[in-house]
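To keep things simple, chains are lettered A, B, C, D, E and F as they appear, and every chain counts its residues starting from 1.
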């Protein structure tokens, strides 16, 4: 089990869930992820059905913060690691955001998302795609739920004074996670492409300033 | 029973779906359910995108019990009614179960389910289909999560001393709900079919005893 | 071939077919089920296309009753075992019901169903999900066809004087089968949960009476 | 040909689909085809659920030949017209073929097919796609079933002395039908394209001979 | 890489692409086809994600004619061979047709198609399914695009004086290819079935004439 | 920005979708987008099949640059507007990029993409999702093709001296478009959230500098 845990932690780490609301339909009662298998397919191959146990559908610890704390954004994300969710089209994650913390703009390439606030309050929103670009936002309080369409950019910001806790559900067993600023500034994109992207022509100055904040030399 | 009925009627009336992890993919950013439309299609038709507002993706009140209390089983169910979830492949419900209460065996014909315990403790389980029929069960405590494959029978029983609260997520915008005992005993099935189903041959005696408990004359 | 047969019989036994009307699309001409493979995936892995023969798409014997007779309900079910139906989104079963016999209320978690009466006459019906619960029923005679939506409870009862024969088609290669009464009474559900489910509070009396009929001590 | 035309027109007029094993999943218990609706969508719009009756899931007459007899091929096809199959991913047809009759090579662009022989005997086969092109064929007798993968060309030929009756199931509510020879020779393809297709260069002689048999001047 | 190439060439040869617009959704960022794997599933199993390189998403040579020239129809087809397209729901092919050449009537059992003319001009069309049978055709010139619905018969004919070049995109990673005339006349269909299909009763004369052109004795 | 806006508005106004490789399957031969319909569904409703003409599947002009030039990035994008692609799971766009121009990092929330270079040369790449973040990039020359998995960030940069022309195919009729830098800096995101996103704490200085370049006061 520790192996599964590590694997999944490696996979999803801070804030990536698993699951996709639009995954292919299941073709049997269950296809519990076989993490020891060497077979690689779309999704994950299944363990022997005869060896499946209740623990394959179980995860504990969502009542407390977990996972690792993001160094730069202060939030933490605890993915709900359930091997039995393989082929079942959903995944979940607990997110903790301290006062002043943000879960910066990001999206899930293979899922829609819904989040319920369990504690505290957050400013939450998503943006429509081009050329609409409208912002749909709300201050969410305990007991509020907000939905994000598939693949759209969303964010949350704890601009209150209490720690905030959310439970997010995603419509894929492996929704994926893309953080916009990290992708632009921490990754391998060339400086000159980035300068042009920031509408700075051939002037890399701003790019360098920001990239230093993202740990790039 | 009437209570839950009202809840669900309210849900349907509001045009909010209830979620299905395997719904057809969306073909636009959002297709917010247009509850005033007379057009009937697979799913729900959309309101004018220009008229969509943040409130279309929002629901409040999951922090408190809601909906109506089931007369016979004591649980209450509060569906998360979000018109914006139309085409997004998920839905959610808060369930409250007092000590001694059950959410009796049931299934969702169009969804898998995952439930997280927010308060208290419940005995939770699902059953594999024929001819496996294995029971996969656990006593769930606060912070525990359990998953149920698409269409399989599951139940929960608060055999503790504290009220239990769960937040359930389903992999369809409209998973549907079938309660096994209600379907057999409260519904329109003929007595003689039911007697045979209960392996009582042509003896309707037991059927009559049970049906009286289900309000049938 | 005998091996395949046994495997499938074990899998589907009385009345479960294989196939799902909403299975993922095929990605090649055919992916004939390789029953000797140790690889476990969503569905079944494929045998070498070069080794595929006409017999992989063939099944004989639907003109006669087959499979095993249900001890308690008198019906028999003969699944159409065709390895080539893997990835093709359908499965079929012949059902024989003698006069007085029932195929008790059940559902398929992953398929819709359509049945045609080949001989005799049956009372056939399905029930809508909660809170509609309407019964849609008909007396079907030779040459009549009736359709059952995905995942809804249905049943058939030969209340005539002639043996009845049906040919049922399901919209999945592995629809699954759940028998309501067996699930409630023959399986591993705890007695106290069941007593509450039957609205008998803490009185296990009725549960015990019924369970004895289902072979439970 | 006109006969089959009428059949299918009747089918379409009645709003019954014909089945596709890979249709989008349903998002409600049922979406019975509303044949009076002016709304045109992918599939068919639904009638008011409150007005749905058992007859919406019912069809009678599969025990006798029906539809109209194909003038050129002698077979007749009786589509099972069930408005309730809209969104349910399957359809069915009874096919009668007299001795010497053929259902010439054809395919369904949106479905796999399985056929069971109810009476008589037929030579049945399908062909793999390019460049495999293998023929998978069998002489089918009463009680035999044969499966055809999605979109592949298949045919049947009653080369026996008894009338043959088959019941075919397709994995879409509207699989579509394309007859190869009719498409090539009876339709609107230009003669010169056709001559080249028949590897006759610019010699239209053969094309003209065949087209005369297909009623083309 | 040569192995992949050969494999795919064998698979798709003249004009079959890979890809399907309606393939099951991906469950991870990428599942690059592992052509050395012995595992056979719906689609292709994946190579180790850690070993994936940019070249897995790359193909060169679409700027020139390629593949093999069809002996009988003069066109050539160059499939775009990209292992990374596994699970991504599309494939592509360059087609060259000299003046007077045709790509004879054919269809893709698992995909829709769109073709853009890069050079020259062609007469292009598709035919609706039975009983509509309408021809939708156009003379396409450089820069024109034409779409073909899933599974429908289409063709192209270079009746101009310049070589024509098209780039076709298909909505499946493995759409399949069926050539109508080849299927009827070059394949394994029995002569007598074919004579009846050509409405020639028991007269095999025409069948023999055509089949000789297709290399059949 | 306004330029691209106009392009896309034109596209949407014309009712042409833009393609998604994983759209729901079609349920009829064609469902040509009816741009005059007031009915709003997932996708677009269909025009009367009897009124469909060849022009519904046709688009001209891909041989020349088109649409409007992006003011800030110099590229232009010409969407292939074909009403008949509704329900067919694909869309296409011609992209022109002058020397020094970029199509800045962006993604499609509902599609994979493949691009072929028709003229010139570009530096092209995509980034894996978190926490992999690997860059998969290539310098593409005329005749090269590169594939981008569903929903992943990609970009192109003409760092050569010749104008570059690409033809991109997407696996949805309406893939959607999200530009990362525009979303972050030109849109409605609050400054303080953005400052934190850029790891600048409560210092809005950098945000203001960049936003001025994006036309924000």
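The definition used in the following text is that a residue touches a chain if its C-beta (ideal position, glycine included) is under 8 Å from a C-beta of that chain, and two chains touch if they have at least 3 such contacts.
Since the structure is predicted, the reported quantities are computational estimates derived from the model, not experimental observations.
Common neighbours of chain C and chain F (chains touching each): A, B, D, E. Touching chain C and chain D together: B, E. Each chain gets one centre point, the mean of its Cα atoms, and the points for chain D and chain F are 40 Å apart. Chain centres here are Cα averages; for chain B and chain C they lie 24 Å apart. Chain centres here are Cα means. That of chain A falls 27 Å from that of chain B. Look at where the CA atoms of chain B average out and do the same for chain E: the two points lie 47 Å apart.
For chain F, residues touching at least two other chains, in rising order: 22-26, 29, 39, 41, 43, 49, 109-110, 129, 149-150, 152, 176. Contact between chains, per the stated criterion, is found for A-B, A-C, A-E, A-F, B-C, B-D, B-F, C-D, C-E, D-E, D-F, E-F. Residues 17, 20, 22-24, 39-44, 109-110, 172-174, 176 of chain B are the ones that touch chain D when the two sit in their complex.
Against chain A, the residues of chain F that register as touching in their complex are 4-5, 8-9, 22, 72-73, 100, 102, 104-105, 107-110, 123, 127, 129-131, 133-135, 149-153, 155, 157, 159, 176-190, 192-193, 196-200, 206, 209-210, 213-214. On the side of chain F, the complex with chain D involves touching residues 24-29, 31, 34, 37, 39, 41, 43, 45-49, 87.
The touching residues of chain F, counted against chain E in their complex, run 21-26, 29-30, 49, 52-64, 80, 82, 84-85, 88-90, 92, 112, 114, 116, 118, 125-126, 128-129, 132, 136-138, 141-150, 152, 167, 169, 171.
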